[in-house]
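Each of the two complexes below includes subunit A, the first together with subunit B, the second together with subunit C.
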Partner chain A sequence: MSTTEETIKDIVVKIVHCEREVLTPESTFQDMKADSLDMVQVLVALEDEFGIEIPDEDAQKFKNFSDFVTYVEARIAEKK
Partner chain B sequence: MLRGKVALVTGSSRGIGRAIALKLAKEGADIIINFFRRREAAEQTAEDIEKLGVTAKVIRANVGNPEKIDEMFDTILSSFGHLDILVNNAASGLPRSALDLDTKVWEWTMDINARALLLCAQRAVKLMEGRGGKIVAITSLGSSLVWPGYIAIGVSKATLEALTRYLAIELAPKNICVNAVGASLVPTEVGLAYARGGQLGDDSTWQTTPAGRMVSPEDIANVVAFLCSEEAFMIRGQTVIVDGGTSSAPFGFTHKGEGD
Partner chain C sequence: MQRVVVTGMGTVCPLGLNIEEFWTNLVAGKSGVGLISRFDATNYPVKVAAEVRNFDPTKHMDLKIAERTQRDVHFAITATKEAIAQARLDMTKEQSERVGIISSNMLNHRYVAEGWEILQKKGPRRADPLFFTKGAPSSICLQLGMLLGARGPSTSVNSLCASGADTIGNAMNFIRLGYADVMIAAASDASLGEMAIAALSVLGALTKEPDPDKASRPFDLNRNGFVYGEGCGVLILESLEHAKKRGAPILAEVAGAAWTFDAHDTTAPHPDTEAMAMKLALQNAGAKPEEVDYINAHGTSTKLNDVSETKAVKMVFGDRAYKIPISAHKSMFGHMVTAGGAVESIGAILAINNGIIPPTIHYDTPDPECDLDYVPNIARQAEINVCLKESFGLGGQNCCLVFKRFKEI
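Presenting the complex of A and B:
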């Protein structure tokens, strides 16, 4: 498991208040019981943490946790 | 009418903010388009504004975050050196009942919808020093009337209107006019999501006004442009309601022709 994925999990758990075990690659935002405000706050926290931008146009395409991690890793790689 | 002026419209990537940005651009103002979540939409708005022959600059900032507001104004200072018009339009919120409203939603909504006007005005005034300016806040009828599930936003809008009055008086000696424009339900992406969220009943209950149609983003933009003009110089601290008459008709209304 990558460090990025671990950091994303830390942020999601802190903001959404879900159990860490809920966060598998297949888990959806419904599984996490995240409302739309939780999601925006997670995105903003990730943006600040990694110095990237995750516009809604992209975020709306995420189907599960794995899509999320892949996207964030790609944006971090782009930055380097 | 606004040629050579610089205007910041918060939350102007889409909806009412976009219509205001386009209207002020048509009047000749250079526009700063602020957005938070929709970059593509913001860039499209900038492109449409530049076609009108004025400058458009896109600045991303969550106006709920004081640091981001500061960064936005630092950019405005370095890019334009001054500001003539601030339109506080950005808003957010979630449908909640009073008993389900937690501090997270309350703070998020109040910070973005109400506190942002105070913090943006504090920075904007420095960029208006010696030249005067116009500040217009966008509010809604939910500040004084009760809309289903709208408590967090309604309370934040009531705060916004009170702030508008206090700012109007304190800034009057600086030649800065501060007012608000209050809208009824406007069929933007956000407005329709609220209306169709199951709280307002079927479409016929909210899809019209005594004036015979819903209020459009352009209806709001036209009043904002007027408040930004010198003709509105003596209007201070007011909330101008643009609702096609809805708030004046508590028992509803029917359309009847003359002589009916």
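Presenting the complex of A and C:
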């Protein structure tokens, strides 16, 4: 597992207050019981942590957690 | 018009984290004033405050809700749970759109300042997404409404130091006018912090007395300003019909309310308009001045307020003013700004129910300009049928309430 993925998990768990085990590659935000405010908070925290930007329109696209991690990793790579 | 009664009460304040602790300490004349501990007051001219101590929000709500909200909302959720339990209000049996909430609170200055600092340092993309709801004057309504599933009227009022009374008066009107069967009046203030203390001390409103046992002394000759406090009072108001139908405990009747504005001077109160608010509240309650047997004072411990309030009481009651016991709870728990009027109203209703008038403590030296019966230092037994509650907001907004011992007519 990449360190990026671990960091994302840390942030999600801290904000959403879900169990870490819930975060499997297939899990959705519904599985995490995250509401609209949680989502926005997670995105802002990730932008801050990795110095990336996640446009609002992209935020609607993630199907599951694995998708989300791949997207964040791509943004980080782009930045480098 | 519907008669309106109180069926439940809850508090978190410097005298206790629930009604029982609060009342025990209020009757005992205990002081909730201490040295400031919520921030480092070394460079501040004001050294004392009435803080809520040993309060852990996570004992009363989910960690996530606690993180998403501020201290005033933590107080409000906790006190509302207590009030709901006392009122035995079961939301699963209520028509949810007939239960409403009206709140008051105060801007958390530090939260705004910190938000601004993030903007300056990190730019607009890093703004706290919670800022708008977490920092909003509606935050108490938003959280309580969600918590209870109350879908009736939901709104907030503010008249600074009169706000607590204002929520109760407005809640009464929502029921009288038929908009709701049950209204939860929740006034909570946790603005006790650097910005408020600094600004009010420059204004000269706060006492610079460093001894907590001398600081808040309403109506005493040597009073020299108020003590900033924090806390929350929640009252469940219901139409009498609704309360009876569900067999709720009836603690008192909210018989009337009235509002006036000084239109005079921002920091100096005016006895004429204060007296007018008292008279109008009595009229609204269908009560005569001679029926009033207890006055729950605004009594801030500032030079100006206590003289003006005394004058206003004399204008309304004439010679009888000298015979009516008046007490200032702020002598014990300081001035909770937008919540004080609600917590004091709870004290007044408990006084009616228990037949005991809580005292005005720290009262040593009579002031020739404040020469009424302030129930000095020791609680007094008395049968109370009609209580006038006075609240006067900084800037000149006045709100007075009338509580009556509940009687079938």
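Of note:
Everything below uses one rule, namely that the second predicted complex is superposed on the first by the 80 of 80 C-alpha atoms of A that agree within 3 Å, B and C clash if a C-alpha of one lies under 4 Å from a C-alpha of the other, contacts with A are read in each partner's own complex, and residues count from 1 in each chain.
Simple rule for what comes next: a residue touches a chain if its C-beta (ideal position, glycine included) is under 8 Å from a C-beta of that chain, and two chains touch if they have at least 3 such contacts.
On a predicted model such as this, the values are computed, not experimentally measured, just so you know.
Applying the stated contact rule after C-alpha superposition, one finds that A:56 touches subunit B and leaves subunit C untouched.
With both structures placed on the common chain, the touch criterion links A:26 to neither subunit B nor subunit C. With both structures placed on the common chain, the touch criterion links A:6 to neither subunit B nor subunit C. When the two complexes are overlaid on their common chain A, residue A:17 makes contact with subunit C while staying clear of subunit B. On subunit A, the patch touched by subunit B and the patch touched by subunit C overlap at residues 37, 40-41, 44, 53.
Per the touch definition, subunit A reaches subunit C in the complex via residues 16-17, 37, 40-41, 44, 47-48, 53. Of all residues in subunit A, only 35-37, 40-41, 44, 53, 55-57 touch subunit B in the complex they form. The residues of subunit B lying in touch with subunit A in their complex are 37-41, 60, 62, 94, 104-105, 108. Of all residues in subunit C, only 62-64, 68, 122, 125-130, 133 touch subunit A in the complex they form.
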